[in-house]
Amino acid sequence: MKNFDQSFAHFSRFVARRTSRRSLLTLLGAALVGAAGVPLLPVARADAKEPATGAVDPTQDPMRCEYWRNCGMDGFLCGCCGGSSTSCPPGTEMATTTWIGTCRDPADGRDYIIAYNDCCGKSTCNRCMCGRNEGDRPIYYPAKSNNINWCAGASTNVYHCTTTILLGMSEPVP
Amino acid sequence: MKNFDQSFAHFSRFVARRTSRRSLLTLLGAALVGAAGVPLLPVARADAKEPATGAVDPTQDPMRCEYWRNCGMDGFLCGCCGGSSTSCPPGTEMATTTWIGTCRDPADGRDYIIAYNDCCGKSTCNRCMCGRNEGDRPIYYPAKSNNINWCAGASTNVYHCTTTILLGMSEPVP
Amino acid sequence: MKGGAGFLAVMTGACIFAASVAGAGESVPDLLHRQDSVGKVEQLAESPGAHWVWVLDANLSSMPDGRAWLFDADSGRSMGSLNTGYSFVAFALPRAYHEIYSAETYYSRHTRGVRTDVVSVYDPNTLSPRAEIALPPKRASTIPRLNDSALTDDGRFMAVFNLTPATSLSIVDTRTRKFVGEIGIPGCSLAFPAGARTLFSLCFNGGALVTELNPDGSLSSQSRVEKLFDAEGDFIADNGARFGNAWLFPSLYGNLYPLEFTGKTIKAGKVWSLVTKKERRENWRISGYQGSAVHVATGRLFVLMHQGAPDTYKDPGTEVWVYDIGSGKRLWRIALEHATVAIGVSQDADAVLVGLDMLSSHLDVYTAVDGRHLRSIGEVGVTPALVQFPWQPPAAPGK
Amino acid sequence: MKGGAGFLAVMTGACIFAASVAGAGESVPDLLHRQDSVGKVEQLAESPGAHWVWVLDANLSSMPDGRAWLFDADSGRSMGSLNTGYSFVAFALPRAYHEIYSAETYYSRHTRGVRTDVVSVYDPNTLSPRAEIALPPKRASTIPRLNDSALTDDGRFMAVFNLTPATSLSIVDTRTRKFVGEIGIPGCSLAFPAGARTLFSLCFNGGALVTELNPDGSLSSQSRVEKLFDAEGDFIADNGARFGNAWLFPSLYGNLYPLEFTGKTIKAGKVWSLVTKKERRENWRISGYQGSAVHVATGRLFVLMHQGAPDTYKDPGTEVWVYDIGSGKRLWRIALEHATVAIGVSQDADAVLVGLDMLSSHLDVYTAVDGRHLRSIGEVGVTPALVQFPWQPPAAPGK
């Protein structure tokens, strides 16, 4: 409980380490105005089976806060809640609106766009709290703010945990 | 939080230090079968203003777990929740059914019957947890069991905190 | 980014390809090579693993938000959770585990307003509600005890213990999804399955009340059996372990009381001691909220123990003592990793013993055969107090 | 004691006299000498104390169970609590404190089922619900910020910030107890009172959107004001402190941005620095969820500070720096007892400063005049994040 409580010191939704890549966000924002429904891409699904602990480099272990995709994470890792870093736990629903960060994968040195889709519909997971508070902006700047429960975009706003969905490669920094 | 969590190690409703005085309980039980409503006695009301901390003997400080009336306490002291040792916090309701213990007041060396009336209708107070687990019996012996939420006898079974109502002097031990 | 509401949210998925192309500098195949789908939700395997275990959390600091967590004791991973309302206690799990039954209480304003009691029926694969059966708003609110509810051995009828403070059982037909009726059990509490449509409740006077249901779940008959145990002196725990046609209850002073049910009634089996005279003098004591478990196939009883005065009989345990039920012989003692309020044993041949520390929120996993500590799983709830293994072996022939 | 349901419960009160007499061995007068009444429930004084303070707890580990605790900062005693549903943020408190308004979200099954958003109207003396006003189920779920809701200066209309993720305000008439309507605030968020029936919201582009209501609460007019602050560089906090006809917002790099409202619009006041160049180099930084407060009568501004990189601008504060608003001069620095996420100042002449430590759940009380630590109150919630003083002095003449 002590660790758990301390983790709340940084509980402040949706942080991103590098937020200088605004042009893509702008583009996405512009492209998606008015979009609705749950778009599902017919691409390869991420493996839901993840190691409980990694003896490997922590930046490559999806169960750890240090995982490279978690650069913009602020919440409970779904991999510790019955889901995985890319899937929601049974009985929850993945929010379709989200805050997006750009994270560098040390394995290939490239930057990727990560969407921090919340899983919604069950009470807070309370396991594997992971907060990185870099690049955060106040609530009045929602696209960059880690203070919002993005289950607002789901059919329920009950927040459970957060995934790290790799959307694609980021463009180079201008 | 640490102290709070540890307090739950002994969270197990309604203990009593001395439960050998069964004859009076039996009498009360027999006398009150079928009683209903909220009986209010026109006797002196207890003072709701209590010291936040006692420099005095802790057995005489209603804000402390060591208070003599708390010998059968297992719950949150209402004096820490907006009430007092004999009154419920604003907006709650005092349960009319209760587990009863017999406590000795060191000040006069006499034994008194204490009713541990729960205050009901708001979520757990979570302040001043006080558990004394002596004389407890399993659930199948409710009159002596500290494992029951006695808000069962109120209009809501939402448990908030527990008072120590002095009902009167106990008869001598047979 | 220059106005309007669109900047607020990014719909993930559909448009990323166009966006990525616009990003330039990388080829499309590269981009597609690493890309996740959006909206994936896990489901569990059709059949539970033998070492899956539910951890039941009444959440005593925020009782409207009860939860249960499913863990795989082998990998240490969480499989998912259920939210179970105010003053949650435990599930009733059918042997086939095709459904999960949960007696729950809700308030329309979480801590006030209209109270609604239900049996929620959950899908064990999707961990979603499948049905809801209305109950009279009377279910007992107690410190968690597994037998606040029970399924009859035929798997069809669920009994929910009520305390208003008058005691009764609400009977629910899990097949028709209907509340059948309420059966008074005056002077008695809890519900222990004891036959196809028979349950018994423990009574304050040391007896038991046997309740038999008709095939439609209505009351067929009730009978009281007196003097099964001493409710005043060497009283038995209000939690025990099932072994065939008996429930085994450890007692305050370290004896084991088997309550055996045959046909429509119940009788006291031979009482035997869990402790030596020396151990009794040394105050070795029963422990916890769920202080015993049986591994049925090997006929072994696991009892949670610690040293302390009689009044500490619910304090956390420090050891598990293992017995051969047939001979009453103690086989070995297991030292526990954490102060343990609940133990459980899986029913497979390669069984695990689990112990739950409510204080530090740990689930400890041991081999049942030699008590070797395998792993500890952390963050298993706010005030987790009970465990339930969903997997059960097929019923033995002739049962 | 020998059967029946009567043994289960003891009705306290009415029959104790007979029982006591039966007890014998003591005279009746002795018995009556010490006896409490049953059923007493406290009420609070008609008017709040100047040092009463609400601690608002979103209960982030069990969000359906939000709470608020009222403390007397002088005695350190709790006065009572309110239960405030899922994802609670803060109250809207009228100057007269004749009622408490609370925007709340409920689910029929606590974490699932039908969502209901309401403004609960509480009686500040009995801490009981007095009325409930239905809202569209859209209210924002955010990390607590006081201005997720607001009352207009005339005390009549409450604005509730919605985020779906499109942003809007739900307007509620507290007098008629009716939801008046929803007003879009695209690109902008939160609600700050700025006149009798005027509110403004902060916008992502560094501007503000001013919303003026008609006397019936419907939308009268909206206007955008651009370039009030730099939303990208030296951005202002999303929490500020009211001082007369201005809201004061500290910024990332330690400047103070006054947003002044006059009539129907808003303008940027003179920006001044909270830190010296040396302090800025030493990374002295704004802090917390509620990082500033004003003592109106003396014109003093209290700002929560700590040392850290820009990204730590919401980390807990270690000091409070006190300024004279008129001159912009720093008067003194106060070292805090605990890591503090929220500060507040009472509005009386003998004012207290309070600081809230979410982690260890402490409310620390200091004198506002010299920052002397008076006391620390423990166990003030699960994840308490904001404070509100209910007492306000009468409005100044001419306002």
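Descriptive notes on the structure:
Should a chain be cited, it is by its letter among A, B, C and D, assigned in written order, with residues numbered from 1 in that chain.
Criterion: a residue touches a chain if its C-beta (ideal position, glycine included) is under 8 Å from a C-beta of that chain, and two chains touch if they have at least 3 such contacts.
Values in this document were obtained by computation on a predicted structure and should not be read as measured data.
Pairs B-D and B-C differ in how many C-beta pairs touch across them, and the larger number is found at B-D.
Centroid distances from subunit D, each centroid being the mean of CA atoms, peak for C. Per-chain CA centroids place subunit C at a distance of 40 Å from subunit D.
Here the CA centre of subunit B is 33 Å from the CA centre of subunit D.
We define each chain's centre as the mean of its Cα atoms; on that basis subunit A and subunit D are separated by 29 Å. Chain contacts: subunit C has residues 4-5, 7-9, 61-65, 83, 86, 107, 110-112, 163, 165, 167, 204, 382 touching two or more partner chains.
In subunit B, the residues that reach two or more other chains under the touch definition are 1, 4-5, 97, 122-123, 126, 142-143, 150, 153. Partner subunit A is touched in their complex by these residues of subunit C: 1, 4-20, 22-26, 30-32, 34-44, 65, 67, 70, 75-83, 125-128, 360-361, 379, 381-382. By the touch rule above, subunit A contacts subunit C in their complex via residues 1, 4, 22, 24-36, 38-46, 48, 52, 80-84, 86-94, 96-100, 112-113, 115, 117, 119, 122-123, 125-128, 142-143, 150, 153, 165-172.
Of all residues in subunit D, only 2-5, 7-9, 59, 61-65, 83, 85-86, 106-112, 116, 129, 163, 165-167, 184, 186-187, 204-205, 382 touch subunit C in the complex they form. The touching residues of subunit C, when paired with subunit B in their complex, are 60-64, 86-87, 105, 107, 110-112, 115, 140-143, 145, 163-165, 167, 188-190, 201-204, 231, 235-238, 311-316, 339, 358-359, 383.
Residues of subunit B that touch subunit C in their complex: 4-6, 8-13, 97, 121-124, 126, 133-143, 146-153, 156-159.
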